[in-house]
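Going in written order, the chains are labelled A, B, C, D, E and F, and every chain counts its residues from 1.
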Amino acid sequence: MFKKISPGQNIEQNGLLDEITNALCMPDSLNTVWRNIPPNTASLSVDALAEIMQRLKAAIFPGYFGKPTTNIDSMRYHLAAKLDSISPLLRQQLVAGLGFGCAGEGLPCMNCEVEGNNKALDFMKKLPDIRHLLALDAKAAYEGDPAARSVGETIFCYPSIIAILYHRIAHALYELDAPMIPRIISEMAHSQTGIDIHPGASIGKEFFIDHGTGVVIGETCIIGHKCRLYQGVTLGALSFPKNTDGSLTKGIDRHPVLEDNVTVYAGTTILGRVTIGKGAVIGGNVWLTEDVPAGARISQK
Amino acid sequence: MFKKISPGQNIEQNGLLDEITNALCMPDSLNTVWRNIPPNTASLSVDALAEIMQRLKAAIFPGYFGKPTTNIDSMRYHLAAKLDSISPLLRQQLVAGLGFGCAGEGLPCMNCEVEGNNKALDFMKKLPDIRHLLALDAKAAYEGDPAARSVGETIFCYPSIIAILYHRIAHALYELDAPMIPRIISEMAHSQTGIDIHPGASIGKEFFIDHGTGVVIGETCIIGHKCRLYQGVTLGALSFPKNTDGSLTKGIDRHPVLEDNVTVYAGTTILGRVTIGKGAVIGGNVWLTEDVPAGARISQK
Amino acid sequence: MFKKISPGQNIEQNGLLDEITNALCMPDSLNTVWRNIPPNTASLSVDALAEIMQRLKAAIFPGYFGKPTTNIDSMRYHLAAKLDSISPLLRQQLVAGLGFGCAGEGLPCMNCEVEGNNKALDFMKKLPDIRHLLALDAKAAYEGDPAARSVGETIFCYPSIIAILYHRIAHALYELDAPMIPRIISEMAHSQTGIDIHPGASIGKEFFIDHGTGVVIGETCIIGHKCRLYQGVTLGALSFPKNTDGSLTKGIDRHPVLEDNVTVYAGTTILGRVTIGKGAVIGGNVWLTEDVPAGARISQK
Amino acid sequence: MFKKISPGQNIEQNGLLDEITNALCMPDSLNTVWRNIPPNTASLSVDALAEIMQRLKAAIFPGYFGKPTTNIDSMRYHLAAKLDSISPLLRQQLVAGLGFGCAGEGLPCMNCEVEGNNKALDFMKKLPDIRHLLALDAKAAYEGDPAARSVGETIFCYPSIIAILYHRIAHALYELDAPMIPRIISEMAHSQTGIDIHPGASIGKEFFIDHGTGVVIGETCIIGHKCRLYQGVTLGALSFPKNTDGSLTKGIDRHPVLEDNVTVYAGTTILGRVTIGKGAVIGGNVWLTEDVPAGARISQK
Amino acid sequence: MFKKISPGQNIEQNGLLDEITNALCMPDSLNTVWRNIPPNTASLSVDALAEIMQRLKAAIFPGYFGKPTTNIDSMRYHLAAKLDSISPLLRQQLVAGLGFGCAGEGLPCMNCEVEGNNKALDFMKKLPDIRHLLALDAKAAYEGDPAARSVGETIFCYPSIIAILYHRIAHALYELDAPMIPRIISEMAHSQTGIDIHPGASIGKEFFIDHGTGVVIGETCIIGHKCRLYQGVTLGALSFPKNTDGSLTKGIDRHPVLEDNVTVYAGTTILGRVTIGKGAVIGGNVWLTEDVPAGARISQK
Amino acid sequence: MFKKISPGQNIEQNGLLDEITNALCMPDSLNTVWRNIPPNTASLSVDALAEIMQRLKAAIFPGYFGKPTTNIDSMRYHLAAKLDSISPLLRQQLVAGLGFGCAGEGLPCMNCEVEGNNKALDFMKKLPDIRHLLALDAKAAYEGDPAARSVGETIFCYPSIIAILYHRIAHALYELDAPMIPRIISEMAHSQTGIDIHPGASIGKEFFIDHGTGVVIGETCIIGHKCRLYQGVTLGALSFPKNTDGSLTKGIDRHPVLEDNVTVYAGTTILGRVTIGKGAVIGGNVWLTEDVPAGARISQK
């Protein structure tokens, strides 16, 4: 697509290309940065996962994304064809993700094939539930934003819907113990929306985030039904316990719990395994590291 | 592009595909998430709108985006050809957006056709004015950022220019009462820049936002000339009045007014229908819910 | 791809297309927004730079991005072929960037050709060092995030890795005095991650930013080794000195210095040429405009 | 994708571009070569018809072309989805083809819309019959060529199958009185295979052409069942009767009739409305302008 | 796009890849098959020439190929923009074609740049004449084929129109002494239509070839106005005189001359520098190596 | 890409889509035309084979096709990378081709995996020899055509080179007993050039076909070195022996043998297992079914 234009020394000349290539291929240099795929093994691919997400989006919101259809009978055919195209793609990526851990041994991992297949089917079975939750989320977005003119508008473009759509899918895969992939999916939504929800977070029905840029929701958060967050809200960890060898302890419950109907306004930070009681309203720019009782209204001092 | 690899049960087997398809096609489940397009009707499409925005960008900043040209005579031809390609695309999307509301009736909407056509032409007529404003915005970006080396650099990559480019277009369509589309366009800029400007906001000449991530500008904001914002500034609503049925009242003036020459530093939040007087400077991390007189300098306490 | 559908007036009719084209081609109107490329000159292109970045990414993290390979011997061939494809593309863009300044004269700039070529080769020689630093950054990301399960996970999708990858490349080009291009590359990362690092900033080894959205790192920042930032941290300028003519003075040291092992928690703002001493820990939501001694722990009052 | 490289005069200079454009836009010059589409009318498109043919090919030979499927239940979904995508495309092209005749009037043709829709549905209804005939043709190809190893091999790549596939579709549209389109489809097969069958020709079951290059079958040919042709066979017209004004009389029966089980070897030419009787075998390089009785064996003298 | 699937030896193993690469890189082996492009030189490209031909086709038959337009004013813009895009592409290829001869010297050829530029502009100036001839050819195709329903049908799909379109362009470039490119263009038409016209052949107005497959028209043919050929006609050379060293003498007049109004029916072969007089009709399958007087009717004996 | 436009009945309405789908899915109807791929099995694909051929073309004629390179060292890298990309693709197709025969059993064929892998490697080892032969063929094309100006011109566009390139590859795979694929490759060349060479044909060094359209070379032909054919030459079978059950006997030697240095002029047909002796010249339009002695000159009577 591009072309060299004018006179002067070239990278091929004087062995420069060889030299740089050699430097980049020194085993030392490759350590950490090189992923050595065993021969004839499926490869984990961000592009493949992005394609899967596009198809899932069209399967979940038919008519909004993907080909529009005009009656329920033809929609049925298109939907089934799409599901049938998603399943093997997802399976291949799940196998590759599982194989990531045994990559050093240089052999395709047969267990990964079987396990990846089962996880793909298990995920597909969850789709109707995921769709049901997302329909409720779209309704919540419409009801929660005075600027929204219709539910459809929120589905077409609200960052809240993108974030929760990717999260509910990533979370389902997280619960199936699929390695790597849930986080890759979460980061896709983070990049598009500025909303960073760890796939481990548990989120109830009718969830809505307004504006959203800068929101962070940590791995062990538990969020109840009908909660609402605004931009710049952090539900984070207060400190990271370390192991005796100085490394971080992974997997400890360290993020807040929000009970049902909690609202948190813009720029507020809630840190640690605290509980925000049912119906509490936390104002903007608040810094909070303690429990809040049900129904409380906390604001910046 | 991808392929199933190894043994094991398949989604087509044991009726699993049928079962999931059935679950996803139950009328109940489809409620909310299914957009039923009347037969033979244009379809609102995020991809089509993205394409329109790319072409508008090239028409507005010739040489920066799209094909470079070497003199004004040939540029003229390319520009006209581009405008002639934008107009019917935009029209089709405007018709589809207008038809979104009557989609339930199952018939193409003839009024939408006529109205959509008129709105498309009205928008095209506004292009010279939009371009004029954007030229001033680019100059403001260059003058406002000590790191900027040329006006061209700001056009090529400053998030402020992307945000205001998309906004001025979205706002023009908002003023033409085009449904759905202005918000979709705004969210494109929000996703790219982290700057969330509602298409309803009214913004004066020579506007500049530095860095920009996390900025929120609400629907009924009015911003004067030569204003400047930094990252993380919110111009939001203080509270949402509800109707007697508990639903939010939509469309009330609820966001700040900034008069000319106002500067708001990073992380500051201004909420409600307050007025920030001419030339006022609001420091960083300020929380503000009251009017500020002209020329005032407010900072964090 | 799209098509006009129904009756009504067309943009071609009644001279409307001519009229709008004329308005957009008035010399006055073109001032600022038109980049007049001299005949037969390479053109600075955001798309070309994006393609270069994709290829560099695959050269730096082989197996993660680009084609997977199964042993070191074949990887060597693919890597060399990729480098050989990057070099002329980069060169062309560097020439175009250099030519941006002399565009008014209407002639291809021969000096730009020579200088651009040299800069491209100089950059290519820096690649092994850049890769070495990025390997350390990936390790730091894994060690710094309790949610990370493997170094590979951070390479695949952590915004910190994207931000620092783009930054280390942009910074190398900045040091080679390449105009325009470093900033365009920085803004690509800013758009993807919400992390805005000016290409001029100097950043030490094992750098990590958690979550990242809203981080701003200014042009003259100096950051030591093993530093760690969280979302929403600003390392900015306190004020912009002006020249006697009222314009901003460009290029003055105006951003913070962070010594080794400094940690800055979420939402904190540090402004001006202050120094944060070795090992200091700055808590969340802090507003800081003064020096901090080594080992200090500063938190919100 | 390409770029001007070096010094010298440009087409934009000295008004050359204007001059050539003017010459090509003189009304006189445009006569014949310009197709003036009425505003907002579908446009006859060779690319669209090629896409339709690809989809029909995949619907007719599932597994050979298009996505492979592993059982009959999932195939059913994919097939229905494909048919549902073909129907509106075909309809649009049929409308455009019908409108070709009234293009001068500058208005979309409402009759064309209705008629095009009906023809599209009528064609779709014929698909099962067309497929049945093509299955027999594939069997005939396998049985007729000693080099064929399986029926599948003939479906994958035999020019005979391509030619008869395109013909049976073109002929069905020809019988529906669709203008323009049948011939465009025939020429696609002609270009791929060197076999030129006019869409008007009537061809019976189990038809096979070996090698095929140079075969010509005229508009009014009638070919019975189980006939076989070789490369370079012409079934043409002997002379073209003219009208009193000297123009050619169009639509007269002027090409040969082949009864069942006729074989014609390579390079033979049969001209005029002659009848080749049942089971006749015509040798290679024969020049024939008279009837041949059933069972005869004719060879080069 | 594709992926290795299962166990077994790989090409990278046991040095096989190295071995084959070495064998293919032995200087001896590269002789003849390797085109060594001087650094920073444009490259002759079949794909680029195909793209140029697509654009020329759309410029010559607006509305048939490329974007349809609805009135002459907007068409003018699109046409000029297209011409402006063709000119530099063509120029680049002409430069590359001219440079093909001096490729061994390892330096870009400055003369080629200048000469290529001039030839590109000279070609562009010929476009109006080429279009005029092609309009007459389309009329001739319609009048010459009883199966043609409209002139438009012949433009859309008749192989005769493709062949003569490519020929008239290739011949114009041949007359400008452009090396390589005319023949590449001719072979594109040959591949699509089975009609092989050497770019050197001189062909008069209103030319028509029916069916066309297998037609061969040699380099030094001269064909008058209103001539008509059928499939399988060869206008070839009788023998190839050799130089004293045994190599073929290139460039001698060795192909037939057809005066105005000559018709040659299918399968006929005319060899050598013979003249077929005005209005002569040569029947099918004739073998002819002698002059034919004006008005004669020759048929197979 | 296309869209339904206007009112009227739809294929989804009244169950029409269901009805046609049902008809096309009746088991009877699917017989012959449906290729049932076992779950998780690679699929034979014409598109994949076309991609392989493009890459082989670039590996064999570097600089003519694919990316141009400027010295032998960088070419080496690109070539190795290309070979490394061809090998797994070819392997996958060979596995799929082998599996075509056992497709009915519904299980992936493990033998096919091993055998396909071996055949792919065996083919790759033959590449240097294939390239050597093609270099000689290009030289022969240049020497054999008085209109050729350079060897390079023949490589760029002569149908003879395309035909023999595809044939030498197809023949190598034929000799490795790869099912299906050799014929698919041959038909690609047939479609492009009108030259139909069965992959089984054995062809010596320095082979050239001028013009080529209509040439047919049968499966069991044996052609010596330095032979030359012209357009429309058939080397075919005289008759097809049948088995006792009436089916054709497959695989018998039934096509001509041409010894070294034989020339056959345009339109000549040679049928049956006859031998044309060394150096013989067969004139145009000859019909030949008997042996010809060495050095003979045969012409049309």
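As a working rule, a contact is a pair of C-beta atoms (placed from the backbone, for glycine too) under 8 Å apart; a residue touches a chain by one contact, two chains touch by 3 or more.
Only a predicted model underlies this, so the values are computations on that prediction, with no experimental measurement involved.
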Inset, instruction - Any chance you could check whether B-D or D-E wins on number of contacting C-beta pairs? - result: D-E
Legend entry - Reference chain F; chain at largest CA-centroid distance: B
Inset, instruction - Work out the mean Cα position per chain and let me know which chain is farthest from chain C. - result: D
Inset, instruction - Averaged over CA atoms, how far is the centre of chain B from the centre of chain F? Could you give it in whole Å? - result: 55
Inset, instruction - Starting from the mean Cα coordinates of chain B and chain C, work out the distance between those two points in Å. - result: 24
Inset, instruction - Express in whole angstrom the distance between the two chain centres, defined as the mean CA positions of chain A and chain D. - result: 50
Inset, instruction - For chain A, jot down the residues that touch at least 2 other chains. - result: 1, 3-8, 10-12, 17-18, 21, 39-40, 42-43, 69-71, 74, 77, 80, 84, 88, 194, 213-214, 232, 267
Legend entry - For the chain B and chain A complex, residues of the former touching the latter: 1-12, 16-18, 20-21, 23-25, 27, 29-39, 43-44, 46, 100-101, 179-180, 183-184, 186-187, 190-191, 194, 196, 198, 200, 213-214, 216, 218-219, 232, 234, 236-237, 240, 247-252, 254, 267, 269, 271, 287
Legend entry - chain F partner contacts - residues on chain D that touch it in the complex: 42, 48, 51, 59-65, 68-72, 75-76, 79-80, 83-84, 87-89, 91-92, 95, 110, 113-114, 117-118, 120-121, 124-125, 127-128, 131-132, 134-135, 138-139, 143-153, 155-159, 192-194, 211-214, 231-232, 266-267, 284-285, 300
Legend entry - Touch list for chain F against partner chain C, complex: 1, 3, 5, 67, 69, 74, 77-78, 80-81, 84-85
Inset, instruction - Report the residues of chain D in contact with chain B in the complex, numbered from low to high. - result: 10-13, 15, 17-18, 21, 40, 69-71, 73-74, 77, 88
